[in-house]
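After this come two complexes, each holding chain A, first together with chain B and then together with chain C.
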Partner chain A sequence: MSQNILCTPSPVNDKEALDALLKDRRGKQYYDEMTRLEVDTAALRKLLNDTCRSRIRTWLEICVRCGMCADACAFYLSNEKDPKQVPSYKIQSTLGEIVRRKGNVDNALMRYAMDVAWGKCTCCNRCGLYCPFGIDMGVMMSYLRGLLFSQGFVPWEMKIGSGMHRIYRAQMDVTDEDWIETCEWMEEEWEDDWPGLKIPVDKENADIMYTVNAREPKHYPEDIAEAAVLFNIAGENWTVPGKGWEETSLTMFAGDWEGAKLQVQSVYDALDRLKPKRMVVTECGHAYRATVLEGPYWTGQKSGKTPVETLHYVEWVAEALRTGKLKIDPAKKIKEPVTLHDSCNYVRNGGLSQCGREIMSYIAEDFREMTPNGDHNFCCGGGGGLNGIGKYRKERNDGQKVKRDQILATGAKLVVTPCHNCWDAIRDLEETYKIGIRQSFLKPLLLDMVVVPEHLKPEKE
Partner chain B sequence: MFNKILFATTGTPSCDAAARVAFDMAKRYSAELIIINVFGVPSRSFSQTVTDIRTGDEVDLHDDQLEKVKNELEKTYDQQIKSYTSCETIITVGIPHTEILRLARKKECDLIVMGARTSAEENENSVNRHVVGRTLQGVARSARCPVLAIGRAAASFWGGISNIVFGTDFSKASDEAFKFAFNLTKTFNGSLHLFHAIDISADPFEITKDQDGIEDQIREAREKIRSRYLSKMEGYSDYEIDVWEGIPYVEIVKYARESFADLIVMAHHTKKMDPEKAVLGSTVEQVVLRSNAPVISVNHPARQKKL
Partner chain C sequence: MYNFLTGPLAWFSFLVFFSGILIRSLLYIRGLDSTLDRVTYRVNTSFGIKEAARSIFYWLFPFATRGWRTQPLMTALFFIFHVSLVISTLFLKAHNMILQERWGFSIITIPDVVSDCLTVAVLAAALVLIIRRIALAQVRILSKPSDYLLLVISIAPFLTGFLAFHQFGNYPFTMLAHILSGELLLVVIPFTKLSHCFLFFFSRAQLGMDYGIKRGGMKRRKAIAW
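So, the complex of A and B:
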């Protein structure tokens, strides 16, 4: 048995274990221990038998290595067409090997698989779009991540992220008390400009239950206030849950299937408790994928859908503009050239590409599409958890060259990024490549140009 | 007068002047002093790395690092901390103005003291030297307690207060600033200088042609000061009213200099949506950078301690 303390197959379920991991600077000891982590081949074989169904086995077998997926991959294109970056190679040399050897693999292969699964793929699923057989490498990578997580071969930050969700039901150490406190604080801070602004917590039977990304209460609380103002202007009857408010899922990125289910269940429990008509998810891509697209299956929803109808924030904004709940002051539309980055998780994987276009038609005078765009858009380069993993920073930065060139070609300096991960990635891209761009969520842009009804304006002085 | 003072610092020389005032005031009023240093801004998504505000380096967030920053900071203010025991140092990471406001609210502070620009900005070009730190902007706009900003070393001597300049733009927030300025004047038994500047920079060709028009405006403004503020001064007689025309921040700085102001009180209430204007900074921000007197910005009635 290995003597590992930090790097073990057990998930992090308590604060003590989490703190021990956090203390380990950049995961130095963690990764060192990983070199000695034994593969429990019997357990891996059992897991494969239980979970690796015909779809994945068929995909692995029918792949003819034609290479049509190569040019679809941002990493392949950004890394001078390195054959080792061809999606088919990446999945065959990892998951393919594990399946073919029935789990009888060694430490070196597992660590190689980890490097590929998190450092060379963001699970953007773009390659699946170009495979003549419809083989979805992104789905297989996610499955591979699950196998690796079960054996403890997972990047340090992902292990921490999964632990955060298990302990706090949030991707960061934000407690329910912190969350409610932040809502109260934002009400207080914004009430001068928006008299009577309320962020109603735990209101039953509202039309909308709004859920967020823990990074908002942690670092960007104004995002919550902006959402509140826009709901207010639109006249929505809305609420936030005091518990089950976090939509994101680093557990999904980590391959922590059990943790992912726990997280999404906390949101569904809130729906059950508050009985809203609909749920709206903040400007976050993977949160939508986890809670709306995958969550229903993790939690065994018979309908395959969320317990109540759920909208991504872009869907709500598009609807509000279409129905006139939000009106844009034509004089305040964005005048400079502006482009839109499509988040893979709700555009390619969620089918919402038209929402962004519809919104831009209301708010921008000079909207410039990236090429390609919509379902075919390239990943920001930081998806799948890659943004936060120090070990693969170089891979992330190199992989962003495609996105950089896409943005440059539009000539726009403003990139609208209705997704937390993409927002972070584009900011980092600017830091690395210094191409003179800036990124923005939709909310602050909308607040600058929306028509405010008289009764919501502060008293005239 | 002040029970809890929050001193927000980067720990760099650009905050030395503000530090002098913060410690002086805490001692003078036997206030509890809380020192906050937000040393890193979140970067790299959900990861455990932050960008060090002073160096721009990527650093890891762990207990040792927090302890190291804390030690450094306490060393910086070693003499002052030794001479004053009632202080607490808090090291944290996040968006600086967010964390300062969060802590001020949590600890129910009744004054925030801070410098006017960060060292990072000082290192950049000369234009940036005159753009007040974004942190001060963020804090001054939203804080529920007065914010004392120190822009120049010359403004860092909080001694006897006898001349207080209250600059008004007749806004609602200015009414709150007035209450604070008047209470302070009474406490110190000082002299209150009520001042307004007619802004002629906005439309120079229309207005400057017509001196009569300017003088009409001056008369109106003087009348407004009388009705809006004098009526609330309970017969307090040591005051002066002045209205000048020009570019407001220039006039206030000049006026403060001529009236030997020990303190300037103003409202900083603009929630500017237009980034162009925000970059130039508001009148208050310009006054902070240029004035030889400390500037207190007051926007809100809440948490304004009764003096």
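So, the complex of A and C:
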């Protein structure tokens, strides 16, 4: 039996185990232990029998190995067309092997599979659009992550992230008390500039229940204040839940399906409790994917949809601009060239590409599309949890060259990124490649140009 | 020998081929799982069917999808190979004569000279496919011996058929080789990646349903460009 303490197949369910992992600087001991982690081949075989069905098995079998997926992959293109980055190779040499050997694989293969599943793929699903058979290697990579998680072969940060969700129902150690305090603090802090600004917590039957990314209360609390101001200006009857406010899912990135279900259920419980008409998700891509697109399936919603209609923030903004709830001061529109980065999670995988274009038509004078864009956009390089994994930092940075060149080709210096992970990735891209760009969420841009009704303006002294 | 190949063995090959297709198709559909695949195949099905149809339709035509357009040479090669292969087999005069003799019906036929051209096209395209497989690093790394073997099995009936028709070499031998290699191909199809000849439709339909039902199909203002 292995003597592992930190790196085991068991998920993290208590603070003690979480702290032990957090103390292990950069996961040194964790990864060292992983080299001795035994594969429970019987359990793996059973999991395959129970969950690997005709869709994935057929994909693996009928792939004719034509290589047409190669040019679809941002990592293949960014890594000087390294054949080991061809999507088909990445999935056949990992999941393909595990399935063909019916789970009878060793530690080395599992660690290789981990390196591929998290270090060479962001599950952006672009390859699926370029395979003549519609073989979606991103879906398979995501499934592979689930197999790896069940056996404990998961990057250190992902193990921690999954533990955070299981313990705090948030991707970071933000408690419900911390969250409510942050809302109150933001109210006070912004009250002088925005008289009467309220962040209503747990209001029942509101028109909108707004949910966030735990990074906002933890690191960017002003994001919550900005959202509040814009809802106020738009005259929305809105609220935030005191519990079930976190939309993100590092559990999804980690392949922790059980944890992912727990997280999403906490949001659905809030919907059940507060009975809002609609839910709006902050400017985050994977949060939308997890809670709105995948979450209904994890929690057994027969409709395949969230319990109430849910909008991504870009949908709400587009609607508010279209209906005149938010009006833009024409003199304050963005004058410089500006481009828009499409988040794979809610654009290709969520169908919202037109919302971004509609918003840009209201706020920018010189909007420049990247090529390709919309459903066929390239990943920023930081999706799928890759942003947060120290072990694969080089892979992430190298994988961003395609995005860098796409942005450079537009000539724009401002990149609108209505997604937390993309925002981070583009910020890091600038740090790595120094091409003189900056990135922004929509909220601060809108706040600079929106027409503020008289009654919401601060009283002049 | 000839009687055996065109009698019991032919029946056996067709039986394996058709029942293989039927069973595998049914197993594919039975193996779809709304919860595990995370697609509600039975809810909002109309959105799924519409996108499934689009997903198949566009990929059936050269240059109709972004994927085909980004790799024009490959696309030309693929379509020449597949279209020639299907047409020259189904509409060959000799094949239809056999149908007429044995079952009293036949379908439309094409002139022998066209069949000849198509057969040569199949063989030439296969040759280029093999060269491509060896020459391009991104395809070479994916290739296993079985990929070459299956390509050889796929084109063997065309090569032998061509030789037999023109009576190049030992006619009885090439004819028997043609029948046998054709039967081998039929038997191999349901059990190998060659099953893509029918599973293509299921796989494409599934992804279409995935996009149509779950991945934004109901919110997308413009249908996805495949």
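Here, the second predicted complex is superposed on the first by the 461 of 461 C-alpha atoms of A that agree within 3 Å, B and C clash if a C-alpha of one lies under 4 Å from a C-alpha of the other, contacts with A are read in each partner's own complex, and residues count from 1 in each chain.
As a convention for this text, a contact is a pair of C-beta atoms (placed from the backbone, for glycine too) under 8 Å apart; a residue touches a chain by one contact, two chains touch by 3 or more.
Model, not experiment: these values are computed from the prediction.
*Asks:* After the overlay on chain A, what do you see for chain B versus chain C, clash or fit?
*Replies:* Result for chain B and chain C: fit.
*Asks:* Which partner does A:A228 reach: the first (chain B), the second (chain C), both, or neither?
*Replies:* Touch partners of A:A228: none, neither chain B nor chain C.
*Asks:* Just to be sure I read the superposition right, which of the two partners does A:M370 touch: chain B = first, chain C = second, or both, or neither?
*Replies:* So A:M370 meets neither chain B nor chain C here.
*Asks:* Please compute the chain B to chain A to chain C angle from C-alpha centroids in the superposed arrangement, rounded to the nearest 10 degrees.
*Replies:* 160
*Asks:* Name the contact category of A:D71: first (chain B only), second (chain C only), both, or neither.
*Replies:* After superposition on chain A, A:D71 lies in contact with chain C alone.
*Asks:* After the superposition on A, what does A:V86 contact: first (chain B), second (chain C), both or neither?
*Replies:* Only chain C is touched by A:V86; chain B is not.
*Asks:* What is the contact status of A:L18 with respect to chain B (first) and chain C (second): first, second, both, or neither?
*Replies:* In the superposition, A:L18 contacts neither chain B nor chain C.
*Asks:* Per the contact definition in the header, classify A:A290: touching chain B only (first), chain C only (second), both, or neither.
*Replies:* After superposing on A, A:A290 lies clear of both chain B and chain C.
*Asks:* Which partner does A:R26 contact after superposing on A: first (chain B), second (chain C), both, neither?
*Replies:* After superposition on chain A, A:R26 lies in contact with chain B alone.
*Asks:* Have a look at where A:I389 lands relative to chain B and chain C in the superposition and call it first, second, both or neither.
*Replies:* In the superposed model, A:I389 contacts chain B only, not chain C.
*Asks:* Which of the two, chain B or chain C, is in touch with more residues of chain A?
*Replies:* If we count touched residues of chain A for both partners, the winner is C.
*Asks:* In the superposition on the shared chain, how near does any CA atom of chain B get to one of chain C? Answer in angstrom.
*Replies:* So the smallest C-alpha gap separating chain B from chain C comes to 26 Å.
*Asks:* Across the two complexes, find the residues of chain A that touch chain B and also touch chain C.
*Replies:* Touching chain B in the first complex and chain C in the second, no residue of chain A appears in both lists.
*Asks:* Can you list the chain B residues touching chain A in their complex?
*Replies:* Interface residues on chain B, with respect to chain A: 42-49, 60-64, 94-95, 98, 101-102, 105, 142, 144, 170-172, 269, 271, 273, 299-300, 302.
*Asks:* Given the complex with chain C, which residues does chain A contribute to the contact?
*Replies:* Listed in rising order, the residues are 51, 53-55, 57-59, 61-68, 70-72, 76, 81, 83-84, 86, 88-89, 92, 128-136, 293-294, 297, 300, 302-304, 315, 346, 348-354, 372, 375-376.
*Asks:* Hey, which residues of chain C end up touching chain A in the complex?
*Replies:* 27-40, 43-44, 55, 59, 66-68, 70-71, 74, 78, 136-144, 147, 193, 195-196, 199-200, 202-204, 206-208, 210, 213-222, 224-226
*Asks:* Which residues, counting only chain A, touch chain B once they are in their complex?
*Replies:* Touch list, chain A to chain B: 22-23, 25-26, 157, 160-161, 171-172, 185, 188-189, 192-193, 215, 218-222, 250, 382, 387-390, 393, 420-421, 424-425, 428, 447-448, 459, 461.
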